[in-house]
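Next come two complexes built around chain A: one with chain B, the other with chain C.
On to the complex of A and B.
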């Protein structure tokens, strides 16, 4: 083999490998989605197109209630976590103070400690102080999990912010809040939007913490799906799962475009 | 960045920071402290007035070999999953960072990362649909291969490994890719001009320089897998009993919260040990 040919083989193998990995990542999701349109209740082939499971799902009061609750909690989490997280990012960015490093490290545990530990700890603590299980407990938990993601995303955007812009605005007579509202926030807006989308995804996809904190019969969508899976598989679960995955991938696609990770620097 | 000069600055800083950090304290740090407390009591103080301090919950972990065995089983599972994620994911990151260029790279990178941000429970369920007996995978293989095939993958350890690798693979690709992308092209060109082959460049330059990123990814896979319980439950069936599922049982089925708290803290200790051992490398990966 000539060296030139050899030089072409490795990249070609690499591309093939990448293609295989993409098949591995997407094939099961596509199979699941396809099966939600299959008429057989036992996933039997040959494939016969039907929207029957989507109709069933639309008539299932439990699924509708859980969907509504999940979306409601995700929206509330997004609003609270984005507001508190953006404020904290600006504070961490703007000032130097003793203990700043400690506050930055404090963002790490909610991301890094397995959710099983955090979820069970929240359950124990919320019972001890009287909040107990239920939607308020789930919301408190989701906001805590989403906050570090918002702060990290907004801080990343802030790091490209030119502080002299604030000084210029101030020298032209703008006061602190005007500077924040008219100069700083518009600049970091893409970071805030990306952070908000992350927060929504963290909450909407969250299973483990919701599982420990949701009241039975008052559960979020992922918890309801888990309970249903444990009882046996039905194409109705495929239908609702397909909707969820399409929704969360769509949101993350937008967030990634906003945050512009991976190249484009 | 400004030093805190005036009391007004201090007030503004407190207004900006305290809501987020109070929330984190209430929802994460106080619960973790509370659980540490509960792991040392006989009964929940709000249920039983005659509760007392005890070491018995941790004693049970040491006395009953089942818990130790399950923790070992979870650690082995995490090691297997991490290994596969590295073997599959690192070459992928390498191709993305050093072979593919421009717009295609951006699109492919996004495609790789996207599933990771979608619902993990749903993705595990999708594997259950693929792997189940007489399911899609067996039918497809039957159609391709001339002989009869029975994979019987569902409700095995292999199924659990496949599902977990699928869940966490994007972590390794993401961190390795970021490390590989940061390597200066000039170094590679210099090596090439001095006659280094592709494999030499990989072994002597790319691999060592991206090692912190690769290891960061490995830790990010290993830690959550040790504490996994939903994936083994759905894909493992009867063989899916792990340390995580035992902890789950204490809280949702057996209702022995003090024991569950103690087991959770054993798990947390393992996790912290892993972070402590790898923190020098992780810190390097950050910069």
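On to the complex of A and C.
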């Protein structure tokens, strides 16, 4: 093969590959979104536009309650995990103490350990110490899962932070809190925002840990969807899933933009 | 404005003595250079005065106040950092006004003082720029304005000009000196650049291994170094070999001293001049540099450096036998 031909064929193969990846990734989602607007409950074609399933869903008290609970837990997780994670990152960045390396290394396994295992372990542990199942247990579990993501994104941003900026602020008379608020946090803000969006997504999309830790009566949205599917599929599920996907993708777009913004300059 | 008094300050990092019983007074309104090789403790001393580092023992007074246990933010100092450390998310005006806002001086007062400080460093029209839109020299000026706008008791400079290129550095030296005179602030700066120390300061302290080895006005330290280390660290030094000493007229002492001659004190001639100290040498190299010329000569097998106005040097071929000479009072004597 001549180099010229090679130069033509390889990019073509690459594009085909990319197209395949995109099809497998997005085709199911697009089909589901389309079906959520199809009048037929049995996915029958021809496509007939209807918002019937969205109306049904809006009238379904169970789905609404689960949605509200999911959003509530996700917001609470985001606030708690972002605050704790940012504080931890700044602490790890600023101070040297015995066991620091160990602590830093121990941040990563929770990202890698399967959620199923973590969920089981948490369930056993929470029962052992008397917390049991329920919304507090779910919240604690979500915060624990989200924390490493926040610390990783904020720490990445902090690694480009010039410590002499803090020294300069202190030399100008600023106390610790003012330095943090006026100098350090503005610098790491893109990392904090990206971390918060990750935390929200980890909690809002969380199925496994929620499934283990939620009481049967008050499940979160992903758990409700799973139970609903087991009982028998209804296009309402397509509708709520479409909404979740739109929300999640919106958040991830924001996170990506923030993270890139943070990396620049 | 205040004087700064350091008494018996010692600081150790692990086993290393960064500062070893340092005692020194920085007079009110003076411009003081701390000079020394890296690891000599000069930066530690500056950071200890600033309050980033606390002495293990000894006292530090700024004005009337003992500050050795007081943290940076309460010491009322101004500091300029090597990399300027301008806040990237704030405009020039906000950078300069940071210390004023922390002190809550009020909006009108803040604005007036920011304006004054920027005028002083000749950056009046740059108030709304962001730091990344400025050149190195301009950032430097912003950093200076920010450090002095709060009227601190003492201004501390950590290798402030090292990031600038040579031409800009000389301009900034003149500028820094002008501003320091204008506001009369006690200034202490750390440098490893001897020329900078000589140009800017009215007193110099030379540090070695955490100890102050010599303190005095630049001319005095240059002309009468109290040790071989000072002599070599400040300026260039041609040491006289033992063997030639008997034939020379040397300043008192004699026993227990080493003698040297600065390159610019030496003259060069084809024949032996009268009435001065003179040694036979061989001309190795002559480097023309416009007004001045540098010659390398060999005296008793040792290379010596000689600096003179180019027009004052005789035309001689390379490797010519020559005489180097100097006035006896130009001999530098240091305790061996």
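Criterion: the second predicted complex is superposed on the first by the 257 of 265 C-alpha atoms of A that agree within 3 Å, B and C clash if a C-alpha of one lies under 4 Å from a C-alpha of the other, contacts with A are read in each partner's own complex, and residues count from 1 in each chain.
Throughout what follows, contacts are C-beta pairs under 8 Å (C-beta built on N, C-alpha and C of every residue); 3 or more make two chains touch, one makes a residue touch a chain.
None of the values given here were measured: they were computed from a predicted structure.
Undergrad: Looking at the superposed three-chain arrangement on chain A, would you call chain B and chain C a clash or a fit?
TA: Partners fit side by side after overlay.
Undergrad: Using the superposition on chain A described above, determine whether A:232 touches chain B (first), chain C (second), both, or neither.
TA: A:232 contacts neither chain B nor chain C.
Undergrad: Is A:92 touching anything from chain B or chain C once the two structures are fitted on A? First, second, both or neither.
TA: first
Undergrad: To make sure I follow: the centres are taken over C-alpha atoms, the vertex is chain A, the ends are chain B and chain C. What is that angle to the nearest 10 degrees?
TA: Between chain B and chain C, as viewed from chain A: 100 degrees.
Undergrad: For A:201, decide between first (touching chain B), second (touching chain C), both and neither.
TA: Touch partner of A:201: chain B, not chain C.
Undergrad: Contacts for A:217 in the overlay, against chain B (first) and chain C (second): which applies, first, second, both or neither?
TA: neither
Undergrad: Per the contact definition in the header, classify A:175: touching chain B only (first), chain C only (second), both, or neither.
TA: Once the two structures are laid over each other on A, A:175 reaches chain C alone.
Undergrad: Identify the partner contact of A:162: answer first if only chain B is touched, second if only chain C is, both if each is, neither if none is.
TA: Second partner only, chain C.
Undergrad: Determine, under the contact definition given at the top, whether A:59 touches first (chain B), second (chain C), both, or neither.
TA: neither
Undergrad: In the superposed arrangement, does chain B or chain C reach more residues of chain A?
TA: B
Undergrad: If we overlay the two complexes on their shared chain A, which of chain B and chain C does A:117 touch? Say first, second, both or neither.
TA: first
Undergrad: Give me, in Å and rounded to a whole number, the least C-alpha distance separating chain B from chain C in the superposition.
TA: 9
Undergrad: Please report the chain A residues shared by its interface with chain B and its interface with chain C.
TA: Comparing the two interfaces on chain A, one with chain B and one with chain C, no residues are shared.
Undergrad: Any idea which chain C residues touch chain A in the complex?
TA: 50, 52, 71-74, 76-79, 81-83, 85-89, 98-99, 102-103, 132, 146-147, 150, 156
Undergrad: With touch defined as at the start, can you tell me which chain B residues reach chain A in the complex?
TA: Residues 1-4, 9, 12-13, 15-17, 19-21, 23-24, 26-32, 34-35, 38, 44-46, 88-89, 91-92, 94-96, 99-100, 105-106, 108-115, 117-123, 125-130, 132, 135-136, 139, 166, 169-170, 177, 181, 198, 223-224, 226-230, 233-234, 244, 247-248, 251-252, 257, 260-261, 264, 267-268, 271, 275.
Undergrad: What residues on chain A touch chain C, complex-wise?
TA: Touch residues, chain A against chain C: 162, 164-165, 167-175, 178, 182-183, 186-187, 265.
Undergrad: Tell me, which parts of chain A touch chain B in their complex?
TA: Per the touch definition, chain A meets chain B at residues 7, 10-11, 14-15, 17-18, 21-22, 24-29, 31-32, 35, 43, 45, 83-85, 87-88, 90-97, 103, 106-107, 109-110, 112-118, 120-128, 140-141, 143-144, 147, 151, 163, 176, 201, 204-205, 207-208, 211-212, 222, 225-226, 229-230, 233, 237-238, 241, 244-245, 248-249, 252-253, 255-256, 261-264.
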